[in-house]
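Here come two complexes built around subunit A, the first alongside subunit B, the second alongside subunit C.
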Partner chain A sequence: MRPLTVEETKIFFEKLSKFIGDNIRHLIDRQDGNYSFRLHKERVYYLNEELLTNSLSVSRKQLISVGSCFGKFTAGKKFRLHITALEYLSQYATGKVWVKSGAEQSFLYGNNVLKSGVGRLSDSISQHQGIVVFNMANLPLGFGVAAKSTQECRHSDPGTIIVLHQADIGEYIRNEDNLI
Partner chain B sequence: MASTTCPHVTNRGLEMDLGNLMATDIDFHLTNEGENGHLSVVKLPEPKTQLPRFQPLPQPKPLTRWERYSKAKGVSNKKRSRMVWDERGQEWKPRWGYKKASKRPEDQWLVEIPDQKDPYEDYFEKAKEEKRERVAKNEYQRVRNLMRDHEGKIKAPHLLTNKGQKGGKKELNMMTNLAKVSTPSLGKFSEKVKGEPKSIRGQKRMFDPVLGDLKSEREKQLKLLETISRDKPIVNVSKAVNRFIDKKQKSL
Partner chain C sequence: MQIEENNDDVTLDLATMMEGDEGAVNEVHIPVLDDLDPDSDSDVIEDTTSQQDHREADDITVNITDITGEGLGDGIITEDMSILSQRIDETILILSNLKSLREEGMSRIDYMKSLKSDLCSYYGYNGFMISKLMQIFSIPELKAFLDACEMPRPIVIRANPIKTRRRELAQTLINRGVNLDPVGDWSKVGLVVYKSQVPIGATPEYLSGHYMLQGASSMVPVMALAPKEGERILDMCAAPGGKTTYIAALMKNTGVLMANDINRDRTKSLVGNIYRMGVKNTVICHYDGRSFPDKVTGGFDRVLLDAACSGTGVISKDPSVKTSKDNLDIKRCTTLQKQLILSAIDSVNHKSSSSIIVYSTCSVFIDENEQVIDYALRKRYVKLVPIDLGIGREGFVKFRDKKFHPSLKLCKRFYPHVQNFDGFFVAKLKKLENGERKKVEKKEVDSEDSD
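Here is the complex of A and B:
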């Protein structure tokens, strides 16, 4: 486990800012404890100081996971967000889409969100912005990328894709091996 | 060739059909093998031009030790079949190579140790060692035979085996890199060759300690955030435009 280098932090923050924009400062600077990001086996973990000091007693080979895993760096040094980051993304998301009950199932199975499934959209979403998907009971379901801006969405056909699926909570069952 | 007597020679004297030549030249005779319909078949003479040899004719190689022995003894050259019947597996297996039928101790997965033998000895290692010795002995005898047969003619005896040599290019690179560093100042002042990397060793990376000063770490990250957000425009143009369009449509 080690802190992220400057380059890695840059790539990571740029990815995060697509979803939570400037709110990353709320992740870095917190009133209820000293939280930090650490890299272990190419995965980025978010943990507080107490957990960090305790985890130092575990050897690197035996350490599987610490704190919350935000995602991992791929072989090409790009950062990929995992569903395990949803808790924080949903809190600070800048772009939100609420999905109707019919399309909720579809999204949880890994499909994209169509215009027909969209209940509500937050105002002024730009294209390619990171979107957190909620159901009508305000439960975060997952996240994705906006295929259309809010304006375009209003004037598009019911069949067009609005949110491109990236991760959903159904992955906890489908894909649990890769999530640690 | 350009004969004035020949009626088919043109002005330039070179354009002459071979067939016409043969047919009309009085002095030129070929045995007429007979008529084939309306065609007359003629046998052409053997070519007389001798092409010179580039290399001299190869000398017959001296017989090897085994060849001499087998010739003297009269050993027949029976070809061995590729497949052998394996009793245990009840199938045909190759005599050599991949998936071979082998009863050799180095190919067995189990070695039974009889009562008299030492139970603490590694029989697998022993079998491997014996195989290595056999291979080495065979190689030694082969090279010795070659030396005896071609006495005086061998200029590079170390090349008779490929046992002492490693992969040529790989070893060459290794030796070059070693030579570069084998100076009193460990290669610091050796000549730099154009196109070669300065050092074959990769750069050693230094990371911050796992539990360093968390406060300074946070400050650095916030600064980094600032630089990232500095690159983005303060006013989100698309957002502003969308809002404007929105207002307009609502007012309509």
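Here is the complex of A and C:
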């Protein structure tokens, strides 16, 4: 486990800011402890100092996860967010879409969100922005990328795609082996 | 002459049992029934019941072949089972009052032998398992235990206080068409699911980690552990994470929880559950539990050791246990458990304000439970402390030729036929001092034991 290099931090924060914008600073400057990002087996973990010292005694080979995993660097040095980051993403998300109960199940099976399934969406979403998807009871279901801006959405057909699916909590069952 | 009479009795028996089931059979045997004097009817039946047990199995098989001749076909197995079940009940009755009910020349041992073989074939256990269980339970209780092992346990879910409250969760699930109730006074987070219109393991609430499917039996060890906020806790055999996530919830996501499991594949479900339930204070690793504390780290405030075991308490979940275990398997388990509990004790910091070790197994055997704890008491400076839950039976203080430390009654045992939990065992230990218990004291304890 090691801190992220400057290059890695740049790639990672760029990706993260698509979802939570300036709120990244809330993750780093916390009142309740000294939190940091660490890299382990190409995965980025978010943890506090206490966890960090405790994980030092575990050998690299035997360590599976510590704190919260945000995602991983792909072989091509791009960063991919994992569903395990949803809790932090949903807390600080700038772009949100709420889906109707009928479309909830479809999204949880890995499908995109269509206009017909959208119950509500936040203002000022721009195209290609990161979107956190909620159900009407305000439970975070997953996240994706906006296919259209809020303005364009208003004038589109019910069948058009609004959010391109990236990850959803159905993966806890579907894809349990590759969560982190 | 006598043999013929006997045969008649059995046919009569069969006929009375099958009354109403199969017209043809009844017709065949009606003459026999008509022969009976209505007044003496009950007496005859009693006679037959008491005679039936010591009768050779041959007689019965002969009768069954007769029936097949009459074209019953598929009915054989069920009839065979009902004969067995009836004979088991009768033997149990006789054993409960051996003096007045037993046949001439039949000893208790004979009855026990026949009962054992009947139980083996009726419930599908191997001889080793039945004789082991016979040592633990009295005969009527054994029957209740075996019957309970055939039934599934109720589905219990645990609300996750990190994400929701039990009342809110119950309301949401009721709206989805789930019929549920609180599990009992002893738990503030458990809910029993009676009936559900939706798959309970795939609702959006489940995926968001608002609850965990978790047997009542895996909540008790965590309640016994009683973790506090900000502590350093080790869960030695963590997968699939039901207990681990409960510990984290009680710690309110503070402190450090080390979740270890020896099996790399099983850590995947552990990871899944930990992230789904929103737990953020864990270090997940996969070591052999015995490498704590030397190869990894020690000095924990509390350790939960949910040791690998033979699984004799969860036969309803995994019926393969009925036949797959023998003496060697149990011995292997106990050796591992003894090594694990010493590692667990050594991993605890005795100067901490808590220094608690909780040992639990899902086995009902004394070898894997009381004997392991007794071993730990002899080898290390630990003492048993009471578990205040108000449920469960006391542990065994003596068993057959063995006498254990008197404090072993502070352990708790749970059975499927008593609490309707999976069968399991919990012991709570407090560490007093580091290092091995010295030989002098060990001798004292031994002499106490042998007194």
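Just so it is clear, the second predicted complex is superposed on the first by the 180 of 180 C-alpha atoms of A that agree within 3 Å, B and C clash if a C-alpha of one lies under 4 Å from a C-alpha of the other, contacts with A are read in each partner's own complex, and residues count from 1 in each chain.
We take it that a contact is a pair of C-beta atoms (placed from the backbone, for glycine too) under 8 Å apart; a residue touches a chain by one contact, two chains touch by 3 or more.
Remember, it's a predicted structure, so these values are computed and weren't measured experimentally.
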item: Touching partner for A:P140 - first (subunit B), second (subunit C), both, neither; value: second
item: Touching partner for A:E42 - first (subunit B), second (subunit C), both, neither; value: neither
item: Touched partner set for A:I173, first subunit B, second subunit C, both or neither; value: second
item: First (subunit B), second (subunit C), both or neither touched by A:E50; value: second
item: Intersection of the subunit A residues that touch subunit B with those that touch subunit C; value: none
item: Residues of subunit C that touch subunit A when the two form their complex; value: 172, 201-202, 204-205, 207-208, 232, 255-256, 258, 267-269, 271-272, 274-276, 278, 280-287, 296-297
item: Residues on subunit B engaged by subunit A in the complex (per definition of touch); value: 207-212, 214-215, 217-218, 221-222, 224-225, 228-229, 236, 238-239, 242-243, 245-246
item: Of subunit A, residues touching subunit C in the complex; value: 50-51, 54-55, 57-58, 62-69, 83-84, 87, 104, 108, 135, 137, 139-141, 169-170, 172-173, 176-177, 179-180
item: Contact set on subunit A toward subunit B in their complex; value: 1-3, 5-6, 9-10, 13-14, 17, 22, 24-25, 28-29, 34, 36, 38, 49, 52-53, 56, 123-124, 126-127, 149-151
